[in-house]
Amino acid sequence: MIFELLAGNLTHGLLLGGVYGVATMGLSLIFGVINVVNVGHGQFIMVGAFVTLILFTALGLSPVIAIPVALIIGMALGFLFFYTVMRKLIKAPELASLLATFAVGILLEELAKLIFGADFRGYYWDVGKIILPFTTIPMSKLYAFIGSIAIALFLYFWFSKTRSGTAVRSVIEDSEGARVCGVNVDWIYALSFAIGIGITVMSGVLLTMFIPVGINPYMGGAYTLKAFVIAVLGGLTSPYGAFFAGLIFGLVENGAYTLFALIPGVAPFSLTVSLAFWMLFFLLLVKPTGLLGKK
Amino acid sequence: MALLRLENVTKRFGGLIAVNNLSLEIQEGEAIGIVGPNGSGKTTLFNVISGVFFPEEGRVIYEGKDITRMPSYKRAPLGLGRTFQIPRPFGSASVRENVATGAMFGTLAGKVSVDDCLEIADRYIQLVGLEEHESKEALTLTPVEKKMMEIARALAMHPKLLLMDEAMAGMHPKDIDKTVAFLKKIKEEEGISIVAMVEHIMRAVVGFAERVMVIHQGKKLVDAPTKEALEDQRVVDVYFGHAAGEGNAKG
Amino acid sequence: MKKNIVKYYPLIPVLAVYLIMFLIGFFMPGMWQMVALLAFYCALGQSWNIFMGMTGYVDFGYVTFIALGTYGMSLGITYFSQFEWLGMGIIVIGLILAMFLAALAALLEAAIALRLRGAYFAIACIGINEGLRYFIEGAKIWGGSEGLIFFGALTQSLGRETVNQLTTFWADFSVFVIAALAAFLNMHYMRSKIGYALTAVREDEDAAKVMGVNTTKYKTLAFLTSGLLGAAVGAMAWGLKLGHVYPGDVFVIHYTIECIVVVLLGGAGTLLGPVVGGLIYGLSKYWLAIIMPGFQLLIFAPIIIIIIVAFPEGVIGVLKQRVKRTALEKYIV
Amino acid sequence: ALAIDKVVIGHPACLSGKYAKAGEQAIGGVKACIDWVNNVYGGVLVAGKRIPLKYKYYDCESKKEGVTSLIERLITVDKVNVVFSAYSSGLTLSGAPVAERYNMVYMDHGGASDRIFQQGFQYIVQTIGPGSKYHVGTLNMFDHFDPKAKKIALAYEDSEFARMTMGGAEKHAKKLGKKIVFMRTYPKGVTDLTPLLSDMKAKKPDIVLGGGHYEDGQLFARQMSDLDINVKGLSLVASATLPAYYKALGGNIAEGVLGPSHWEYGVTFSPEGAMKVGLDWIGPGQDEFVKLFKKALGKDITPDYHAAEAGAQVLAYVKAVENMNSIDQDKVRASLGKLKFMSFYGGWDVDDKTGMQIGHSMVDMQWQKGKRVIVWPLEAATGKLIYPKPKF
Amino acid sequence: MLKVENIESGYGSMQVLWGPSLEVKKGSITSLLGPNGAGKTTLLMTILGSIEPWGGKITYEDREVTHLPTHKKVDLGISLVPEGKHLFVDMSVHENLVMGAYRKEALKNIDDSLELVYSLFPVLKERDRQKAGTLSGGEQQMLTIARAIMTKPKMIMLDEPSQGLAPKLVAEVFETIQKLEAEFGLTILLVEQNVVASLNAASYVYILHEGRIKVEGNPEDIRGSADIREAYLGI
C-alpha cells in the first residue's frame, strides 16, 4: 500500500522534476554568464503560460506548437530587455541588475493584468492517460517531461559541443580572456541572456502542460523561489546541474509526503515542502557549491 | 631557538606532491631567499606557513609553538606577515585603508587605535612610494603598484617574519633596487627580524638574501649561503639552465 | 576628541531626515501612517545594509528575522497577557523573545550558512526561510497556519485607550528609534576596526584571514546586528502594530527584495543611501497608489528602471562621488 | 450641526497583487450599489435631505503596509464616513487597529475568520459569513439526498480560513454520523497536489470537501481527474463557484462540481420574499445589480460573491444611517448592530456585540452543463442536484 | 604592419596615454620599454580595443581599425598575451588551448597549433587535464602564451611574458619569441621589464614614459646611450 503510493508519487515527482529542471536552466545560464540574479524569473514563466493559453484557446493550437513559439517570443523579449536595460548595467555593481529584473518582473505582471485581467485561467488539452498499476498518468504530463528532457539535452549539446556554447562557457570563466581569444563577448552576453529568457518562457509552456490551470498574472513568484533553490542545489552556474537538481527537487517534493503522512498530528504536505527547501541547506553543508558546482 | 621550524612538511594536491618532506629552519635576524623552478612548491610552502593550507604531514613550529593547524587569522598577530604572488588587495578600499588594515590586525592588534593605524599606514605608504595614490581605490592600481601596496600592508603588520612571494616580479630594475634597499633598512631599524623572499629575479635575491634555499619538485635541493647556493651545479641545471651564462647573478 | 565627533558627522543628514519625517507625521494630520510606512522601509533598508553593505554578503532570507521578530512579540503577548500584573511588561517580554528568536536563528545560520560564499549563501538563506515557514505550518507550532491573533489579549490586559496609542503611535515611533539606532551602529562599525575588518572580508576573505582578521567573528557580529535590528522592526511594525501574525504573511521573500531595492536605490554600503532609497521607494509607491489606484505599478516599474540605469550605484552612491573633495564630503557617506 | 453634502465610503482595495481578482469584483460591487443608491434610490436620507454617496478607493497591492497607511489617509485626509476592509482576514485585521483608533466604522466583506470578532474591536462589522459555516449546508444536502454516503474526505489548503472551514465541516459531519476517512491540508501555493490526492484516493471516500482559494481549487479538480479519482460528491470552497473555474477546467472536469457560496447569480431573493420573513428590503434586484456591475467596470463579466458582499455592505451602511438619521460613527455602529434586512444578497444581520455576521445563510451551487445551478437550500434552489457526480 | 598615431586613452576621467605613436614592422620584434605605470599595458589594451581610444588612429595592414571591437581585431590576426593572464581557471589546460583556437581560421589548424605549443612547452602536455587555476604561476604564464599562439595570429603583443618565470624559462620564452619571429614569420610587439633580454631580442625599441614616447631607436643605440640607460632603464 505505502509502496504503491510511494511509487506513484515518485513517478509524478520525477515528471514534475524534469519540468522544474528546465524552468531553472535559464536562471542558471543568465547567472553564470552575466552574473545577474533574475528575480523576475517567475514572471517570464508566466509569460510562457499565457502564450500557451492564448495559442490554445484563441487559435486552437496544441501546446506542443507553443514550445517553439514561446522560445522565439522569449528570446525576443530577452534581446529587447538586454539591449534596452541590462547592457547598461553590466559594468554596474552586481545587485543593480537585480533591481532591474525586479522592476521588469513587476512590469510583466501588470501588463499581463492589463491585457488579460486578474482571472485564474486554464485550458483543457485532452490527449489521454496511461494507467499504471500504481497510478494514472495523463499523457500531457508525459509530453511535458519528454519536452523537458529534449530541451535539456539540446542545451547540453549546445553548451558543450557547439562553438557558441563553448564561447559562452569561456565567458562564464573569464570574459577578458574570452575577448582576447576573439570571442565577441558583448554578443555572447546578449545571446545567452536571450536564450536564458527564451528557455524560461518555454518552460512556462511545459509547466502549463503539466498544470494547465491557475494561469494568472501573479503566478510567477512561487516559481522564482523554487528556481532559486533548485539552481543553487544544482551548482548555480551549471545549467545541467540545474536540470538534475530539478529532478531531485520534484522527487523530494512529491515523495517525502508518503513518509511524513505516517507521523500523527502534523500537516505532512507542509513538512514535505519544508524539507524540499531545507534539503538545499543540508546539501550545501556537505558540498558548499551545489551538486555540480565547481569550486 | 629558531624563529620558524618546518619539520618534514608534506602537502599534496590529489596525486601531486607539491611540498615533499621538506624541513627548514629560519633563525631570528636572517634574510633568506627561496628559489626554484616554476611549480616547485614555493608558494605552496608559503601557504602552509601562513595557514592557507594545512599540511598532510609534518609540523610547523613558530617561536617554539606548534602552529601546524592554527587558523591563519591567529598567525598574523603572532608576527607572520605575507604578500601574495598574485596581488590580493581589498579592492574597494583606498590604499591607505588597505595598509591600515594590516596595522590593525597584525602584531599591534588591540594596542593601537584606528587613527594610529592610519598614521602607521602613511609611514609605510611613503616608504614604498605610493603617497600619490594614497586615496585611490586599490583596484585601480597597476599590478606592480598593488604589489608595492601589499608590501606596505604586510610591513604595517609589524611582522617578525615577513614572507614575500615574488613581490618584485614585473618591477622596473630601478624600483627593485629601491625596494631591496628599503627592505634592508627596515630589517635593521624596525626589528622585523627576518624576511623570506621567493623571487626569480636574481638582482633582488643577490641584493638581499644572506642565505638561499633552492626547492625542486617540492624537495629541498640546496640550502646554503647565497653565492654558494646559486653556483651549485645542481641549481644551475634545474634552475638556470644554459641561461646561466648570461649573467643571471647580475640581473 | 573633536576628531572623533567629526567622524560621526555623516549621521547628521540621516538623523535630520528622520526628524523631519517624524515632525511631518506628528503635526500634519493624516500623515503619520505614511511616515510610519517610510520609516519602516528606511529602518529595514538600514538594518539590511549593515550586513550587506559592509560584508558584501547578500542575505536573501533576511525576512526570516523580521518574521521571527514578529513571532517573538506575538508569542510574548499571547502567552504573557494572562499575567495582569505584568502590564506593559509584556511588550518588553515580547521584544526580548523577538531578540532571542532572531539571535538564535542568526547564530545558527551564521555557524552554517556563513561558510558559504556569494549566491550560495544568499539562496541558502531563502531555503531556510521557506523551510521555516512550512515547518511552522506543518508541525503546527505557534498556531501553525492559523497564526496568532492577539489584539484582543492586548486590549484585555492593557485597556483600549492604551492599546490604541500603542498600535497606532508607539509601535511606529519605535520604528523610528530602530532606524536611528541602525544608522548609529552602522556608522560606528564603519569608523572602527570592525569596518576595516568587514571591508577586507568583502573584498577578499582569504587574504583578510592572512592579514589576521577573524573573519567569522566579524561576519557573525554584523549578521547578528543586522538580524536583531530586523527582528525589532518586525516586532514593532508587524507584531505590536497589527496585532496578529500568519506565517504565510511574514515569511515572504518579497520583503527581502524590497530591502534590497531600497538599499540599491539609495546606494549600497552608504549610510544615507537606505534613507533616500526608502523615501524614493515608499513615497512613489504610496502616492502612485493614491493617484492611480490599480495602475501604479505600471508607472512604478519604469521609474525604478530609469533610476537604476541613471544611478547604477544608487543615488547616494553617485552623489558621494560628486561631493568628493567638497565641503559636503564629510557629511555624506 | 454642520450641513452634510455627501457621504463617502473609503476602501483600501486590492487592485494588484495576489487578491487583485477579488478586489476588482469588490470595487465593481460597491460602485454598482452606490450607483443604485444615488440614481435609483435618490441618495441617503439624513436630516430630511437626500445626500449622494461617494466612493474613494486606493490600491493596497494586497499588502498589510499599504492597508494601514491608506486607511489613515482615507479617514483623516479624505474624511470618509465609513471604511470598507481590503480582502482576506490578514488584511482586515491589519487595518482594524487604525480604524479603532479613529473610532471609525469598519465594515468587513472579505475577512471570514471568526477570530477577528473575538478581539474586542468595537467598530468592526461583518458582511461575509463566518468561515466555520461554509460546508455545513453542503453536508446537510448530501445527507438529505444520500444518507448512506458515509465516508467523507476533507482536504483543504493550509490557511486559517480553510482550516476554519475544515474544522466546521468536521464537527458537523460527525454530528450527522458520518465517517471522516481522510483529513489533510496542503500548503498554500503548492504546484502539485498529486501526493495528497493519491493518498486520498486510497481511502475511497464517497464525498470530498476541500479547497481554499481560487487557483488550488482549479488544481484540485484537475488533478483528481488526472488521477481518475471519481467520487459521488465534490465540493470546493472559494473557487468552484467562480465563472473562471468552469472556463479554466472545461466542461468535463467542472461538471457536477459543487461549491458553497454567499451569493450566486440566480439566487431568488426578492422584496416579496423579504416581506414573507418580515424583513425590510433595500437595493436593486439581482438582474439590476448585474447590469449596474457591468456598467461600473465597463467590462462584460458576471459579478460573483465578492461583488455581492461588497455591494450589500453599501446597502447595509445606507440602511443603518437612515435608521439612526445620523452619520455619527458611534450611532451608525449601534444602528448596524440592530439592523436586520434583506437585499439581493440575502439576509443581513450581525451580532450586536461582536459585529459578526449571523443573518446570512449560504447556498450551494453546482455546475450543470456550463451553468451555475443553486441546489441547496431547497427553498432557494434553481435546479436539482445531480447526484452522484458524473465521472471525470 | 601596425601603426599607432597620437593615441589617447585612459580610465574614467583619468588620462593615461598622451598621444604616443609607434610602428611595428612586419616580421620583426619591436620592444616597448618603460617604467611601471608608464601606460604600456594601457597601450596594448587600447590597441586591441579592450579600452576604447579617446583619440588618435590605429592602422593595421593598411586598414584603419581604431574603433574596431576586440573580437574583430583578433579575427584580423592580432593577439595579446595579457598581463593579468585571464585564463579560464576552471577549464583544463587542453580546453584553454582549444578556446585559443576559437576564431574560425584558427580552428582549421587546431591540430598543428596544438602540436606546436606542446613542443614549445612540454609541461603543458604533461598537465593537459589539470585545471588551469591550479597551475603554478609560471605554468600559467606559459599557458597564456600558448593560448595566444593558438589563435594563429599574424601579430602577437606580449605583456610581460617572462614575469614570474624562473631564469631557465625566461631564457626559453625569449628563445620562443625569437623562434616565432624567425621560423613562423610572426610580428611581435613585446612589453618587458627584463630590459637586457628585451634589447637583445628586439630590432626596434620604444621607451614609454608617463604616457608619452620619450625615446625610440635601434637597440644598439639605446644600449649605447648612458643617458637613456640612466634615465629610463636603470641598467
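Here the chain labels run A, B, C, D and E in written order, and each chain numbers its own residues starting at 1.
Convention: contacts are C-beta pairs under 8 Å (C-beta built on N, C-alpha and C of every residue); 3 or more make two chains touch, one makes a residue touch a chain.
All of these numbers come straight from a predicted model, not from anything done at the bench.
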*List every chain that touches both chain C and chain D.*
A
*asked:* Considering only chains that satisfy the touch condition with chain A, which of them also satisfy it with chain E?
replied: none
*More C-beta contacts across A-D or across B-C?*
A-D
*Tell me, please, which chain's centre (mean of its C-alpha atoms) is farthest from the centre of chain B?*
D
*Would you mind pulling out the distance in Å between where the CA atoms of chain B average out and where those of chain E do?*
29
*asked:* As a quick test, compute the distance in whole Å between the mean CA positions of chain A and chain C.
replied: 31
_Centroid from C-alpha atoms only, then distance chain B to chain D, rounded to Å. What do you get?_
76
_Can you work out the whole-Å distance between the CA centroids of chain A and chain B?_
49
*Where in chain A do residues touch two or more other chains at once?*
109-110, 267-270, 272-273
_Residues of chain D engaged with two or more neighbouring chains_ = 16, 158, 185, 187
*Send over the residues of chain B in touch with two or more other chains.*
none
*Hey, which chains are touching each other here?*
A-C, A-D, A-E, B-C, B-E, C-D
*Enumerate the contact residues on chain E facing chain B in the complex.*
11, 35-37, 41, 83-84, 123, 134-139, 141, 160, 163-172, 193, 195-197, 233-235
_Which residues of chain C touch chain D once you look at their complex with the stated criterion?_
29-30, 32-34, 36-37, 40, 134, 137-138, 144-147, 149, 151-152, 155-156, 160, 163-164, 167-168, 238, 241-244, 246, 248-249, 285-286, 289-290, 293-294, 296-297
*asked:* Help me check something: in the complex, which residues belonging to chain C touch chain A?
replied: 58, 60, 112-113, 115-117, 119-120, 122-124, 126-128, 130-135, 137-140, 144-145, 253-254, 257, 260-261, 264-265, 268, 295, 297-298, 300-302, 304-305, 308-309, 312-313
*Which of the residues in chain D end up touching chain A in this complex?*
16-18, 20-21, 23-24, 158, 184-187, 189-192, 194-196, 198-199, 202, 214-216, 218-219, 222, 226-228, 239, 242, 244-245, 247-250, 252-253, 299, 301
*Touching chain D in the complex: which residues of chain A?*
1, 5, 8-9, 12-13, 16, 109-110, 113, 117-124, 126, 129, 131, 135-138, 141, 210-219, 222, 226, 253-255, 257-258, 261, 267-270, 272-273
